[in-house]
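Read from first to last, the chains carry the letters A, B, C, D, E and F; within each, the first residue is number 1.
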Amino acid sequence: MKHKATLLSIMTEKVFEENILEVLEQEGAKGYTIFEGGGNGSFHLHPAQHASMVDEFRIVKIEVIVLSTDTANKIAKRLMEECFNEQPGIVSLSDVQIFRAQKF
Amino acid sequence: MKHKATLLSIMTEKVFEENILEVLEQEGAKGYTIFEGGGNGSFHLHPAQHASMVDEFRIVKIEVIVLSTDTANKIAKRLMEECFNEQPGIVSLSDVQIFRAQKF
Amino acid sequence: MKHKATLLSIMTEKVFEENILEVLEQEGAKGYTIFEGGGNGSFHLHPAQHASMVDEFRIVKIEVIVLSTDTANKIAKRLMEECFNEQPGIVSLSDVQIFRAQKF
Amino acid sequence: MDTLVSFGQLFLGGFQTPTLGFLLGGMFMAAMGSRLSIPDQVYKFIVFVLLMKIGLRGGMEIRNANLAELLLPAFFAVLIGIIIVYGGKVALSKLPGIRPVDAIATAGLFGAVSASTFAAAMLHLDDIGMEYEAWVSALYPFMDITALVLAIVLARLVTQKEDKANDKEAPKHKRKDINIQAIVVDSLRGSALSALILGLLLGLLTKPEPVYESFYNPVFRGFLSILMVIMGIEAWQRLSELRRVAHWYAVYAVIAPLMHGAIAFGFGAIAHHLTGFSPGGVVLLAILAASSSDISGPPTLRAGIPTANPSAFIGSSTSIGTPICIAIGIPLFTELAKVVF
Amino acid sequence: MDTLVSFGQLFLGGFQTPTLGFLLGGMFMAAMGSRLSIPDQVYKFIVFVLLMKIGLRGGMEIRNANLAELLLPAFFAVLIGIIIVYGGKVALSKLPGIRPVDAIATAGLFGAVSASTFAAAMLHLDDIGMEYEAWVSALYPFMDITALVLAIVLARLVTQKEDKANDKEAPKHKRKDINIQAIVVDSLRGSALSALILGLLLGLLTKPEPVYESFYNPVFRGFLSILMVIMGIEAWQRLSELRRVAHWYAVYAVIAPLMHGAIAFGFGAIAHHLTGFSPGGVVLLAILAASSSDISGPPTLRAGIPTANPSAFIGSSTSIGTPICIAIGIPLFTELAKVVF
Amino acid sequence: MDTLVSFGQLFLGGFQTPTLGFLLGGMFMAAMGSRLSIPDQVYKFIVFVLLMKIGLRGGMEIRNANLAELLLPAFFAVLIGIIIVYGGKVALSKLPGIRPVDAIATAGLFGAVSASTFAAAMLHLDDIGMEYEAWVSALYPFMDITALVLAIVLARLVTQKEDKANDKEAPKHKRKDINIQAIVVDSLRGSALSALILGLLLGLLTKPEPVYESFYNPVFRGFLSILMVIMGIEAWQRLSELRRVAHWYAVYAVIAPLMHGAIAFGFGAIAHHLTGFSPGGVVLLAILAASSSDISGPPTLRAGIPTANPSAFIGSSTSIGTPICIAIGIPLFTELAKVVF
């Protein structure tokens, strides 16, 4: 009943969200969830709270759970090559357990 | 000082939040945290950003850390049976380490 | 290409955010991401949604990925001692895999 | 013939009324792929202010009203709610490719009431100077709650029957009895009805004239215009979901508003002859019926009928029902009232 | 006797003033379990606009004011802040089941000032035509900051004493010295005081009359009414938390606003006789004292006294102190001023 | 000489105009470390309303305008956009420590248009009674889109050249052809231009006078004042980022607005002599050029030129360019128009 799966967490600026969702779709991810936040990395500070003249620079985290480790790795690889070469952002992977494997 | 625990991540629509919190409470979870987001799954697109006439369809993620693996499994099982049979939503479990075990 | 790293998740009230970011900076964390949420723990209910007269009591989750387990442990220890002794909040650690290790 | 011509003119002119214009404008921008969007929090604020405005005015005028007059229209409002939901269930269930729960949820949403459409109708009557009773906004909950409760009850009955047919034993945790009172209370607690009721109470019990005149009334038209833009954007965006479900929903969504309006217009006319219900009141009753809920209806139905497909019921209401009601329903029933009474 | 009667009438009539009505309305809706809610962002926007309005008006009139007159009331404001916090600490500490840090934090919050209550009082005076000095809004920070700083300092002293008593060595990271200036600066940087100060500066240094007349002034009443609804909802919701802590908090929260107001009224009367401080000014000084902070006080105290239980201090202030101050304090001290001066 | 004196007076007086005062006030509060902040959602709502207001008024007046007159200024707007971006690229690239992509992105942002600065200029002209053409807001997209598209195209050419120079084979996924039409369409779909276009269409095709007079026009001044506070806070906050990049950006950001304004003023003067373009129109054309985009420009450039450093281009525009344009540009070009025409 419980199945092993991989959770991909992708943090980047909202302005690049669309590109990333495209990659996810092409690689067959069946769902994802997006959270908005603020962040600080090698590029400038992203305030989470006050009116930002540039809302699209807000940080988003995209969480995708995929069943196959291969798919996870392939998505991560494509993202690192195609998106996060020039753009700010990080990708991390971790192990999770899920139910109803057919959904992922 | 560090203890093993299980993190349950529950993604669903806000409209079902109350039901789920009830289950958590009944199973003795001592705390939880809720995040709002947008998402895409087998059901329709949940936009995170623009005015949605139906705010209650927004996606929420409920995070609960529990110390005992049994409790975690029991919560997951109840949620899969009672809530996510008919309603959209997913439950995932992962291993974390926490401090002050008495809090969980 | 993939590297092991530790994800620290810190949940606390917004009002204590600044203190925690200071600790992170001192311990050399190279980035972090902050999410706002609502929560319920041993202290009072933190509503995520409606106008709260005391916005600063809202729950935030700070996620920090660090490469070295030692740094992760040191941060966690300092937070537990200096911040979460008197203040509400929890710290959890989990294993993740990341790319481009030099960023963390 | 004259009437037809004058309605034709009115209809064409209607596209020039700001209310409809802003709705169509929002749809147009969304259709062009615009990233224009109004923050959700602003939307909620606007809805709150509009409903408070409607409630306050109703409350202030109810003070001097003869409430006995309210009884018949209130009874009719309940009756109309029942007719719409029951009729819609029967009609939709007969169409191919529509599941019973989806039929019921859709009929429930069309039986419930749209606060924004209602506000647009009130502004229209104010603009052309057609008078209506003060307490007509108080009819809203009678029709709205009736429709939502009936839909949820019907859906549960259907589900139980299906479960029995499949010889499935209902799981322990499923509430076996249908608690109507709980659904009614829950409806009254929704944000839209709460704002309306708060406004009614404050209008009735306090003296809010200064704040009504200095704030709620002056911003009404502007806030409504922004709400129309939001609704237009939403209407277009939901259309793509509606396309994925059976085409019959679209057919229903075109016909239902006008049919429901006509039924309610008939009941209103009876009340007009029996108790002197005003022509403007009849129009508003027709619009209550013609409109379909956009704020509190969808989540209530989602929670109450989780197996129903929201793409179907929200899509048909938001994308087709509401625009039809605003573009055709409002001018049509107003014109009809001018001719008939 | 006449006064008593007229206050009785005023008090009953008070429930009909929109300000109080909206507050009670919000409480009522929350008590009924309504899901009515105003988005947090709208709340912040409304507070900003209200404080800018108060600041702008103050600033514009200060231009022609004799600032020497401000000195005595400002000194009194500081004094009142000290009296409230110190008196509150002593009184609350004696009660059973109340920890010293909780006593201090609660007294600190009641010593600090509520911008929204203050705005309601100004609107009330405007409505009944009682005049007050232009610069009275500038007294706000004097009392507010004094109370918050004193509370934090007292709490740290208590904690240090306890640590010593327990023979605990304070951990290295705890700042050993209490930096008063840092707390003052931090208070001034809070969002509420910042908005007030910005308004004062702009009123003083620029010519904002057109924007004041076309925007800030006209929306004042409406925005305040919405703020009252929010505060009413919040008051009810916090009540359940307050119930979990010692009952003595509730007793203090009922008595404190009126006592603090009376003390400040006394000081105001002295200023009235010495420097001609206006009756309206005396009322506003009393309300500054009677009110308890709802926007910047809670987080400042939370950060400054993390061991204090927010359910206690926020609960007593928001759920009881503020409603009492608005429902009884404002009409009471206004009426008193009419009688006394 | 007289002119100099009168400009001096105007400039000093300018600090007293609310628009500039609110901007400087926001900067001052941020400089003092204030936590004052206006929620993002409110910011978006305000921008939407301001742009709708500008669009509606433009649209309503275009109905009676001779659109042939628009052609020459529109052509000039395109030309000015090209000159600014190309000139800025050449100038900035020569300075030490500035990468080509950063030079191009910065020039692109200064070539694009700031809706808020434009609104401030319109309010200023209204206040002093200088008339301008109805359709001048329709020039906005011509200059804005030209500048953004040209910048993105130039940056891609530079990157491709570099890749070739490094003998790197471009990765498969990089689009090799530059699709200008896609960039134009994407710009038009941005939230700022969308709101302006929606307003223009509604002004042109519907009869929005009642809602314009009852809402959009009265709140204009107040909303603009709040927007100025937000922009002031943002200006100060971005300054710290700007400090981390080459100092030459600051120099460019001081000079560019006035130079761009002067160039556009020249073109405007030509149109004045050829087609009777009004002096107020010339001023607005100058401000379109002098302003730098703060809403839609940054994300468009971020997405289009991801390798450019946003701290550089946003910092120079928001922290220096915009304040200079509002504080000096608006009074300067207005005064110039009075003298010249």
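Note that a contact is a pair of C-beta atoms (placed from the backbone, for glycine too) under 8 Å apart; a residue touches a chain by one contact, two chains touch by 3 or more.
In UniProt terms the chains read A, B, C = Nitrogen regulatory protein P-II; D, E, F = Conserved domain protein.
Because the structure is a prediction, the values reported are computed rather than measured.
Q: How short can a path of touching chains from chain A to chain D (Conserved domain protein) be, counted in steps?
A: Tracing touching chains, the least step count from chain A to chain D (Conserved domain protein) comes to 2.
Q: Taking a step as a move to a touching chain, how many steps at least join chain B to chain E (Conserved domain protein)?
A: Shortest path length, in steps: 2.
Q: Need the most distant chain from chain B, centre defined as the mean of C-alpha atoms.
A: Farthest from chain B by mean C-alpha position: F.
Q: When I count C-beta pairs in contact, which pair ends up with more: A-C or D-E?
A: D-E
Q: Comparing centres built from CA atoms, which chain ends up most distant from chain C?
A: If we average the C-alpha coordinates per chain, D ends up farthest from chain C.
Q: I need the rotation angle between the copies chain A and chain B from a CA superposition, between 0 and 180°, in steps of 5.
A: It is a rotation of 120 degrees, to the nearest 5.
Q: Could you tell me the distance, in whole angstrom, between the mean C-alpha positions of chain B and chain F (Conserved domain protein)?
A: It comes to 45 Å between the two C-alpha centres.
Q: Quick one: report the Å distance separating chain B from chain D (Conserved domain protein), using the average Cα coordinate of each chain.
A: For chain B versus chain D (Conserved domain protein), the centre distance works out to 34 Å.
Q: Take the average of all CA coordinates in chain C, do the same for chain F (Conserved domain protein), and state the distance between these two points in whole angstrom.
A: 39
Q: Counting only residues that touch at least 2 other chains, which ones in chain C make the list?
A: 35-36, 49, 94-95
Q: Which residues of chain E (Conserved domain protein) are in contact with two or more other chains?
A: 37-42, 44, 218-219
Q: Run through the chains and report each pair that touches.
A: Chain-chain contacts present: A-B, A-C, A-F, B-C, B-D, C-E, D-E, D-F, E-F.
Q: Which part of chain F (Conserved domain protein) faces chain A closely enough to touch in the complex?
A: Contacts found on chain F (Conserved domain protein): 37-40, 42-44, 171, 173, 230-231, 233-234, 237, 241, 294-295, 298-299, 302-303, 306-307, 310-311, 314, 318.
Q: For chain E (Conserved domain protein), which residues count as touching chain D (Conserved domain protein) in their complex?
A: Per the touch definition, chain E (Conserved domain protein) meets chain D (Conserved domain protein) at residues 15-18, 20-22, 25-26, 28-29, 32-42, 127, 218-219, 221-223, 225-226, 229.
Q: Report the residues of chain A in contact with chain B in the complex, numbered from low to high.
A: For this pair, the touching residues of chain A are 2, 5, 7, 30-36, 63, 65, 94-100, 103.
Q: For a test of understanding, state which residues of chain C touch chain E (Conserved domain protein) in their complex under the given definition.
A: Going through chain C, the ones touching chain E (Conserved domain protein) are 13, 15-16, 43-45, 47, 49-57, 81-82, 86-87.
Q: Please name which positions on chain A make contact with chain C in the complex.
A: 9, 11, 35-42, 48-49, 59, 61, 76, 80, 84, 90-95
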